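Have a look at the structure below, then the notes.
Chains here go by letter, A, B, C, D, E and F, matching the order in which they are written, and residues are numbered from 1 within each.
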């Protein structure tokens, strides 16, 4: 349950409605996810978050599906149930197959395992990994 | 500093050497990273970890570079310095450009931000995200 | 569901009851939260935790509401649902407004984002941040 | 060591220089921290992050020092060395005393402890914490 | 709810059934936990995970109950509800008493507290902890 | 580097010296670790932390070595370098062999992997794990 409940479209201020309308247009959907309806209690954060998401998740050097896979990797590692569920749905909408999802989780699981092995064995960073390179 | 120092190639047991040789062959390199030399104190873990990595990071439904990006997303989120450094180097070797790296980190940063917003606002999972689908 | 259920007031040992009575007196409440009723299976931990909380959360160089905001920041970052819910309620009882809560979450989200950016870019600590100062 | 080194002021593009100039003006400083010089390889992220930080950390319902304390709480909980060091320095510049810092860390430590106790005992959220309230 | 639902024994492929049969034989149980039925959508991960678990959790230098306690420590620290619940049940089946569970959680809580204190005070590692020793 | 440097024995207040003396006596050592010398800037936290550690890490239903292994599991999972190094040293002093250390890290790594798999597959808790039992 969101702490302050949700800001539904009909009760939203014009400022919030403008963001909702943009979400609906960009996402080609007719419903607003709970996440947006919860943070809408803070219109500044709603607007900033949506504008950032729109910019960051747009096609660029990485394609949108790859970006969703990265989003899932972070959400699973943080143990965020909402984010895992919603971005798994987003990734599917963008073409993630069952085989891709399984491989994604296998990599996430493995990375979490070796992260702890390298921390536990207190492995120092190899010299060649420390040299900055040209972008 | 690895707790027990490193198992260098020359002092390695035949069992460990066999894994090192496979790493060198598969990775087309002539040096073994500190990570492997540290966990080699436990030959069973060395072997299991290498075999799993080889299987998981191979081309499949996801390409090897995408898998490295996912590995970085996990490592950064866990705050693992060694893993961040080594997989950033691996990703570069597999073709990650500066622009891809920057977009990757932008997504990782954003995902960590919205993960906390959704936890903090205690957002409940939308009904449509709960329905299991066919793989 | 607490693993071992809850220790309700009526079934509590005198040792546990004494802590419960102190919680009721200090917090000016007539009910004991589930957290205390769960850890009461371990009276030593119940007593030590309550005594520590009472000492740490008391007014000092930081006021009690500021301390609750910090508690929420930790709980959200750890993804602890129970702690996020209970300390959000505590903070409200101590005067947190909706505007304060929104700003709190905006800072928490932002901090989680820049934490990952600085880890991902492997930023070394600036020299001027390393110099110890007088308390 | 930043993966791609730093973007120093003199080599920066006009777009990056404009952000650096604003940081210098707003922060009343004459040097740019390593964090900004590292993320400047991605001018879009540099600009977005700085604009967000400026908006979020400005005085509002919470004062700037309280926001720095919250930033430290997140950074310590995430184990982010850079962020802990830099925001501890920022907090001091905004008036954090040694006594405030000690209390801050005591709360952070305690919150991390009780977060784990409530997870380990699998404590379910009290009914009264679930009811949404008016902002 | 598992994203793709569960793979029940009756609908399982021969490959998955073979793993299920081994789980039933080794664990001396007649039911398969949800965890296995969820990851069975990825037979390679199911097999690799089960084989690794079987090898790692077997009696060795550490006894199986101690290993379960360690598993709980990790799961609680990661805030993983499923893993905390299932390994707490496993530990009980292997002889964990209420007193052991309470002490386990007290150590987990304390470790999380001092982890943050040492990060927050930016404590550098003592020289004597850096010297590698013989295994 | 500790933010405020260290409180060395010779400059310590009588209150801090009393804790240092007790650490030296209980631990049968003649030096104080950096951790204590850093948190000694806050004598109340120094005293409370030491008293709690002494109580929690004492022999009970779990032996002291098992408790150190649990401490390492938490510290590695949190990515706390200082705590991993210092408690690995403590565990060795209490009899942890190289074989035990390797098995410990194997379990920690595996647990981190399966934690993420169960989160990623959004596995719901089995009904039988939800029933509270008698301590």
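As a convention for this text, a contact is a pair of C-beta atoms (placed from the backbone, for glycine too) under 8 Å apart; a residue touches a chain by one contact, two chains touch by 3 or more.
From a predicted model like this one, the values you see are computed outputs, not experimental measurements.
Participant: Among B-C, B-D or A-F, whose interface repeats D-F's (more than half the contact pairs identical)?
Facilitator: B-D
Participant: Between C-E and A-D, flag the pair that has more C-beta pairs in contact.
Facilitator: A-D
Participant: Find the geometric centre of each of subunit A and subunit B from their Cα atoms only, then give the gap between the two centres in Å, rounded to an integer.
Facilitator: Here the centre of subunit B sits 19 Å away from the centre of subunit A.
Participant: Between subunit A and subunit E, what's the gap in Å when you average each chain's C-alpha atoms?
Facilitator: 27
Participant: Would you pick out the residues of subunit B that each touch at least 2 other chains?
Facilitator: Touching at least two other chains: 1-4, 39, 41, 44-45, 49, 52, 74, 77-81, 85, 88, 98, 101-106, 108-110, 112-117, 119, 121-122, 130, 133-135.
Participant: Which residues of subunit C touch subunit F once you look at their complex with the stated criterion?
Facilitator: 1-5, 41, 44, 48, 52, 55, 130-135
Participant: Which of the residues in subunit C come into contact with subunit B in the complex?
Facilitator: Residue positions touching the partner: 72, 76-77, 79, 81, 84-85, 88, 104-105, 108-110, 112-117, 119-122.
Participant: Can you list the residues on subunit C that touch subunit A in the complex?
Facilitator: 79, 88, 98, 101-103, 105-106, 109
Participant: Name, in rising order, each residue of subunit A that touches subunit B in their complex.
Facilitator: 1-4, 33-35, 38-39, 41, 45, 49, 52-53, 56-57, 60-62, 66-67, 69-71, 73-75, 77-78, 80-83, 85-89, 92, 97-104, 106-108, 110-115, 117-119, 121-126, 128-130, 133-135
Participant: For the complex, give me every residue of subunit C touching subunit E.
Facilitator: On the subunit C side, the touching residues are 3-4, 39, 41-42, 44-45, 49, 78-80.
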